[in-house]
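Structure incoming, see below.
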Amino acid sequence: MDFSLPPALAELQARVRRFIDEQVIPLESDTRQGAHGPEPALRDELVARARAAGLLTPHVARDFGGRDLGHVERAVVFEEAGTSLLGPVALNVFAPDEGNMHLLQEVATPAQQERWLRPMAAGTLRSCFAMTEPAPGAGSDPSMLATTARADGEHFVIDGRKWFITGADGAGVAIIMAMVPGAGATMFLAPMDAPGIVLERNMDTLDRCFPGGHGVLRFEGLRVHRDDVLGEVGKGFHYAQVRLSPARLTHCMRWLGAARRAHEVASAYARERQAFGQAIGRHEGVGFMLADNAMDLHLARLTTWQAAWVLDQGELGLAESSRAKVIVSEAVWRVADRCVQVLGGQGTTSETVVARIFADMRAFRIYDGPSEVHRWSLAKRIMKGLPA
Amino acid sequence: MDFSLPPALAELQARVRRFIDEQVIPLESDTRQGAHGPEPALRDELVARARAAGLLTPHVARDFGGRDLGHVERAVVFEEAGTSLLGPVALNVFAPDEGNMHLLQEVATPAQQERWLRPMAAGTLRSCFAMTEPAPGAGSDPSMLATTARADGEHFVIDGRKWFITGADGAGVAIIMAMVPGAGATMFLAPMDAPGIVLERNMDTLDRCFPGGHGVLRFEGLRVHRDDVLGEVGKGFHYAQVRLSPARLTHCMRWLGAARRAHEVASAYARERQAFGQAIGRHEGVGFMLADNAMDLHLARLTTWQAAWVLDQGELGLAESSRAKVIVSEAVWRVADRCVQVLGGQGTTSETVVARIFADMRAFRIYDGPSEVHRWSLAKRIMKGLPA
Amino acid sequence: MDFSLPPALAELQARVRRFIDEQVIPLESDTRQGAHGPEPALRDELVARARAAGLLTPHVARDFGGRDLGHVERAVVFEEAGTSLLGPVALNVFAPDEGNMHLLQEVATPAQQERWLRPMAAGTLRSCFAMTEPAPGAGSDPSMLATTARADGEHFVIDGRKWFITGADGAGVAIIMAMVPGAGATMFLAPMDAPGIVLERNMDTLDRCFPGGHGVLRFEGLRVHRDDVLGEVGKGFHYAQVRLSPARLTHCMRWLGAARRAHEVASAYARERQAFGQAIGRHEGVGFMLADNAMDLHLARLTTWQAAWVLDQGELGLAESSRAKVIVSEAVWRVADRCVQVLGGQGTTSETVVARIFADMRAFRIYDGPSEVHRWSLAKRIMKGLPA
Amino acid sequence: MDFSLPPALAELQARVRRFIDEQVIPLESDTRQGAHGPEPALRDELVARARAAGLLTPHVARDFGGRDLGHVERAVVFEEAGTSLLGPVALNVFAPDEGNMHLLQEVATPAQQERWLRPMAAGTLRSCFAMTEPAPGAGSDPSMLATTARADGEHFVIDGRKWFITGADGAGVAIIMAMVPGAGATMFLAPMDAPGIVLERNMDTLDRCFPGGHGVLRFEGLRVHRDDVLGEVGKGFHYAQVRLSPARLTHCMRWLGAARRAHEVASAYARERQAFGQAIGRHEGVGFMLADNAMDLHLARLTTWQAAWVLDQGELGLAESSRAKVIVSEAVWRVADRCVQVLGGQGTTSETVVARIFADMRAFRIYDGPSEVHRWSLAKRIMKGLPA
């Protein structure tokens, strides 16, 4: 058992930390922030800085310009990236692209990788992952998948409707989950400008850190060639799980960084602001919140690292990532909420970055499986006598 | 002991409920919503509808066009108003005007009432309450008041800086708290277009329901005639308390209504949306959240009613309103948070009103005294052997 | 709406408070405390004192020597009684006798009342209520009732096994719930010395305040005459509900008193004990716990009163009593737990009464329906659109 | 970073697990359980079994018959021991002896080690640690130490009063903390049968797992030779800290095991017991409690391991052990409380081991520093900008 970081990883951590502090945080006050994440020009500048710093897309294979980071290494690097809401965009490790790249690397054909993964890894193309559907389609329950892909010669014809499609607006490629009658759920790759893909609208959400926001997509007779099937027909749910465990964990990593940042801002404020005769953090009512933050950050980090380590051992880690997702999403939420409280009125304003972190983070207890679905799934394991 | 509503009050409750449902909620999708509350044109339309329905400014004296509602009556009526974020604006019982009118009615001279209270009650003039200051001035600790009002003949000359001044942008009058050297904290009335009042900027906040948002004000040599002192010189903190107990409670009332609305939306969704073979509310993981909502709404309502009843007995009710403020602000926050969770992804979007309620409500655990200050003050009472 | 106590009730409250303080609390250090509640001799002394004070069995009809208290009146009186764990025994309002007397008054024939209710009300006979069964019988789910009562001429023959039968050891009469084939659940009255009733053992439980503790009973061919059916054959579940709503509430009342006592002990300690330079209650970490106690006691009391008031209006109040049971049992538990914490090491010892209250109270979140069953039932109401 | 157990440790873990399951748990129903821990005869049998299994006192140096376990190794072994409340007694790693042996090994002279540590390690002598004092002496605040040790030639004369002295009854030796005027807090070793040591009484506590219970001691002119000073005069607080960090952690380890046991009992019950048509664990209301248990056990284990690893790096680990103590004591308490709830009525009885674990565990949030003191100390670190 060993809780230390290998020297090379500690060195990389320090580099990323410096990069975020010096190159990214100053851009937080840049005006090119849209209602749906940083505008393309700002994103390009962030990516250019990360490329110059040698930190772009560190998780993909060296072939694609990355550092081939393992999961524990990602945990360390992505936490640092997350300390600015712009950090994951800069390093090109934001959702859903980070997970999509992971999936393409695992499952796509070399041709598909050249066409889509290479420019994504280079930070010149964005993607989206089109799975979630409005009622009565698939939300938390993937078995309710209502989008269909009917075979028609060498093509499939896709019809259906998706929403909460993060990054749809501005994406160059979509990974589409659809049901092939008789064969099962299947993933397809399609350029977003293909006829038959309609971006109905962007949703108005509490969060703003995801480039492109969250869109509602309609597929109307979208024709996809069978070469654009991702992996095998009928294996869509399996690939979703290949993508899911690591994707859940990388959310934990990034939000852990964001919560740490909020805690640092709140702590600094608690040291400075006076009330009732002393710095407010000297009042236990505030000081205990800071102490609880420290404990929540600590347990969230340990839990993330351990689950990442399990993935690094080659396991699928579904239970571990479920467990980590609940523990971390709830712990960092408590941290963010306390930071708002410590900051008082300012906590609810853009005077500090905390209100933005708070609002952006709320959805984390919901996406990639709400806490309730994970608790249910852990309970089922316990009822079967499996480790949970 | 009696928990029933008198028939006249029950009838008024029903009228307000119908009014909100039929006249106000349809305007929630009106486009004239600004970043800082409804735009003036929308506000005017809401006020006109309430006036037509005979429900405008119901809490002020009949002389000023109101219904002279007691505190328990306000509890019932304001909860109904709160079921739409536009409801308090329509009935002209939003903060800070509702509390300011209460204060003017209690403390102002007849001349001051004619000049300021009458148009406020008529819904044609808005006001603001300028007390909170940026560091190192008065935040949670009022004794740190840094704004000064120096006597100069028949005038006072006010200098200082205030922030979180709700409704400043667009207000016609300000109630200003300032320290008169040698005499103590004092309240002043000043028209917002007086030379020496500068609205530096509007703050960017999570909430959007307050007309005019929250401004930063600077007073530079603002001259106020001694006739414009509100009440007596040196009694500012006393008047702040006169205003505070009822004002805290009316926040409880309005936000209770908002939480109830969120719960109704979430419950309706839980009845309809299917997952894993049944309506999601049939899953205990969701159903228990609904049950907890019902319990939190219930205890928040009882606590609000009881504190209002104490005020109706003629007591100042500082401990009761402290206690109620903590209990209710935390209970309704739990409700709002659960409603977001029940709605899943949609809970974080403008697809329903819940995300707006959630974001707007966060500051309620902070303003009019954060929970920590109230707990501290309750603890001090207990340490002295006083009822708490 | 009115939150005041009528003068006569306030006067009764004061009398009971004095009685408990002067006559009962001094007996808490009496050595005649058994592992299963006060020993008979101690109980007799307590009852004699209450009789002398005119406070014995105040909830039953005047015919039976009581004061015919309504539910709100019980709320006030039983809370006072509960401030000593011996108080409910003294006033003869402990469980299950208090609820059994209520049930007999509502349902029993005059002859049954003479035989059983009269001596119970006089404090000379104890009773038990035999419903709960070990697996695979009826626990939280009453429909699993496994004890049978087969008709045999003018008699029924009862066979089965019950546990958690509070007060069985030393009781003179049992109310037995059994299934009559073809007719449904039915209640029977039987003297505890009847052949066929076997007290297998007393259970070893965390609590010690219930006279007679909790027993395991076996019925072996117990013959009960049809005149000893309580109410009508087949209406057992209905009567259980008649008993249940008020019985749940009287638990709330008594435990509220116990929690208040614990809070008083903890507050006194927090005022006195010094650490780190001041009384420990001046440290917010402790002071906030006291403040939270005050708030929990307050909301528990309001919730109890409101539900009692609903019963006083003649309603069955199942939803109200479910809701109150969850709110109160969880609130007073938080209070008891915080009091242990405030007292530090002493909180876990018999140096104060708090450890005993804490241990005795734990089961309150379980009996008369665990919180989970009540949440489920509230959720079902919400799913049906009923008020909850 | 590595979360795996080295093979030798995994093997030792398996051996201890088997030992507890086969040799210790069967003795849980042995009647030789006193009100204050297992009676001496039962303790002797447990120790004999551990000795035979080669598992006695595994944490001390090989010289003293142990295995010289590091802190991470203790974490793994003591968790297993903790799965029976008798396990730590069997392995001779219960409090306070386990920590006392650690302290003697670190600080005592060879002669002191021969006299006291050797028989303690052999399981033939018990010890106690006399530090905590009744008001107005040292409780949570060690600076209030009131027991004095006045120099008198080659001796010190100790006067004072101590309580909550775990294991005092039956101990052969005491480590006594007393204030040497002019020199500071100092530790002394004294045989318990020395004239001047009076065991006033044993305290009546919720817990029963500590051999000897918790006693009240009085020192009346106790003469201790200067050779019986433990370490150096004036360094008592320093040694207390040397003892404290590991001692806090070993509590975490043992109680983690106890909580795991409770969770296993509750899970087994939830799989078996039927209600409302299915096993109760299939109801989410119960299943979610099991899931939360699994998550709490997981994060408690990771936190304990990490803090133990820090100690293994040679650090004092005061912040880490503070943090771990709060996280673990609160997490395992939640687990124990949920297990009681899952078991329903049985959870509050001796039908299973859970009620005992629950009652015994309550004090863990208090001793070795209540949560509030640790939060305060973490907050102070944060206010100074130190890692917490």
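Things worth noting here:
When the chains are written out, they are named A, B, C and D in that same order, and each has its own residue count from 1.
In this section, a contact is a pair of C-beta atoms (placed from the backbone, for glycine too) under 8 Å apart; a residue touches a chain by one contact, two chains touch by 3 or more.
Please read all numbers here as calculations on a predicted model, not as lab measurements.
Counting C-beta pairs in contact across B-C and across B-D gives the higher total for B-C.
Ranking all chains by how far their C-alpha centres lie from the centre of chain D, first place goes to B.
Taking each chain's centre as the average of its CA atoms, chain B and chain D sit 52 Å apart. The distance from the centre of chain B to the centre of chain C, each centre being the mean of the chain's C-alpha atoms, comes to 42 Å. Residue positions of chain B with contacts to 2 or more other chains are 283-285, 288, 372, 375-376.
Chain B contributes residues 1-6, 72, 267, 270-271, 279, 281-282, 284, 287-288, 290-292, 294-295, 298-299, 302-303, 305-306, 309-310, 323, 326-327, 372, 374-376, 378-380, 382-383, 385, 388 to its touches with chain C in the complex. In the complex of the two chains, the chain A residues touching chain B come out as 132, 135-136, 139-141, 144, 163-164, 203-207, 214, 272-276, 280, 283, 285-286, 340-341, 344-345, 347-351, 355, 358-359, 362-363, 365-367, 370-373, 375-376.
The residues of chain D lying in touch with chain B in their complex are 283-285, 288.
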